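There are two complexes below, and they share chain A, which is joined by chain B in the first and by chain C in the second.
Showing the complex of A and B:
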């Protein structure tokens, strides 16, 4: 699971070049910090699907699943 | 409190365009259930998408496919193109319905009814093809988070997104309406969509320009910058939908996520050329530099 967390952290940093060093932590609020926007979710979802090598049914998504790296791991891995 | 939408001056400026577009919509009115003949079955080893517009065209994955494999891929690419149109039109119809008859908006309400009617028809065509011949519509992966907007910003972004989405789609529709290699039903869908979208594009260009003229001087610089950043993100998100791993999986390709990622990186120039044309109205309006 640590590899998944590190991969998610790298994805966030790749999409937000201004993220401070050490961020995002596992509990960082990605949406409130503007590290993740609505327009980036589809791309993140594809990345999650590739990491877990299985599709996600977008209709099954619950509110809050993208709130933090902890929440993403709990929901998808 | 919702902002007046648009300012009375902007609505009046649009009124002449709206009258002409409404008259054109009435002249070209179509029964969606008679406009296209639907064969009971279709052989998937035919062209449903112009090869040059297929997301893998010009990549190593394309080179490795047989002629039959390319045609099967063209079928699933068509299902994806129609699916992303259904998702885009659902967003559009929700937004138009939300704004119908808002105060100050009465003069353009007449055309909004045509807009809604025509978008609904397009979704009937796209949905019929997907369900009849593929047995499914590909799911939309977009998720909207609530956020705050400056006054007028949400309306402007809605119409800017609609304009960008439709300008890109229309490049595909126009090319495929003229492509005699395509199965007749695919040509007809693209041709009918292009014909009606031509009016929507005119409306979209006008209203985006009017809303920008109305609001841009009143927004602080950080809002203008935020809008420009949002549009750039919307362009990227729109294009992502054209590289759908579900398509590659259905077409029988191995490791569909790696294919999507590789094709995205390999076809930047093609996307950039279409994007440049699609953004011309926003550049002409002064929204983008």
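Showing the complex of A and C:
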């Protein structure tokens, strides 16, 4: 699971070059901090599918599943 | 329902008069009091909104089905002559000749004007504004007071930091909760999403599913009479509104005045007396 967390962290940093060093932590609120916006959310979903090697039905997404790296791991891995 | 003071028009609009019009004004006075509690300045914006403003937030791709566009004939004399020499209106439908470029939209939501008005501003504290406008939304069907082509919307907008916008929505919702409890109006807040065109293909819809930012105050489990909307930095980025060096966060609470009228006449009766 630590590989997954690190991959997610790298994805966030790749999409947000201004993220401060050490961020995002596992509990960082990704949407509140604007590390994840509506323009990126579909890309993140594809990345999660790639990481877990299984599809995700967008219609099944529940509130809060992208709130933090902790929440993403709990919901998809 | 036969409501004194309401005349329903076939084109999805209503005429208000008498006690019903007075109630609409009283309700708006109540909304203005809440706006005043935040120190919100009142703005009266025009009916037309430049299409370029809505293009900044990609509105046309998200909500094309709602758009009402003010069309004008091309002003060339020959074009106008062709228009007048034919049958300008057939079966109630205008038969235009060449049209001038359409550069405006009839306001679909009152608060859009606010963000355009603040474009380029640098803020060092929270800013609260209120505005009321006649809004236009094309729908498949219309119902008196509840789903109209044109209707009145009062909005209170907060522009500030993330914490300030959250606090604003919390405080504004609490004000509304106290009011509806005091008058005994059966309503409840429910999670909602905006009516995106082809929602499954719209990333903003997907985002609203995972990050609920819109809640509606629903009367009698069927009619949304108000909504709270957290926009994060969506408008701050699009309109270059900056708070303390960062794109400003915005939030708004919106009241559909005709829908409040419908809730009042359904719950308290068509002839009043209505709660003061």
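The rule we apply is simple: the second predicted complex is superposed on the first by the 77 of 77 C-alpha atoms of A that agree within 3 Å, B and C clash if a C-alpha of one lies under 4 Å from a C-alpha of the other, contacts with A are read in each partner's own complex, and residues count from 1 in each chain.
In this section, contacts are C-beta pairs under 8 Å (C-beta built on N, C-alpha and C of every residue); 3 or more make two chains touch, one makes a residue touch a chain.
Since the structure is predicted, the reported quantities are computational estimates derived from the model, not experimental observations.
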Contacts of A:42 with chain B and chain C, given as first, second, both or neither
both
Tell me which partner A:57 touches in the superposition: chain B (first), chain C (second), both or neither.
first
Chain B versus chain C as contact partner of A:19, first or second or both or neither:
neither
Considering only touches as defined above, state whether A:4 meets chain B (first), chain C (second), both or neither.
neither
Answer with first, second, both or neither: which of chain B and chain C does A:67 touch in the superposed model?
second
Identify the partner contact of A:31: answer first if only chain B is touched, second if only chain C is, both if each is, neither if none is.
both
So the chain A residues that chain B and chain C both touch are 31, 37-39, 41-42, 45, 58-59, 61, 66
Can you list the residues on chain A that touch chain C in the complex?
31-32, 34, 37-39, 41-42, 45, 58-59, 61-67
Touching chain A in the complex, chain B uses residues 139-145, 147, 230, 233-234, 236-237, 240-241, 245-246, 257-258, 260-261
Can you check the complex and tell me which residues of chain C touch chain A?
162, 191, 200, 203-204, 206-207, 209-212, 232-234, 247
Using the touch definition from the top, list the residues of chain A that touch chain B in their complex.
31, 37-43, 45-46, 49-50, 53, 55, 57-59, 61, 66
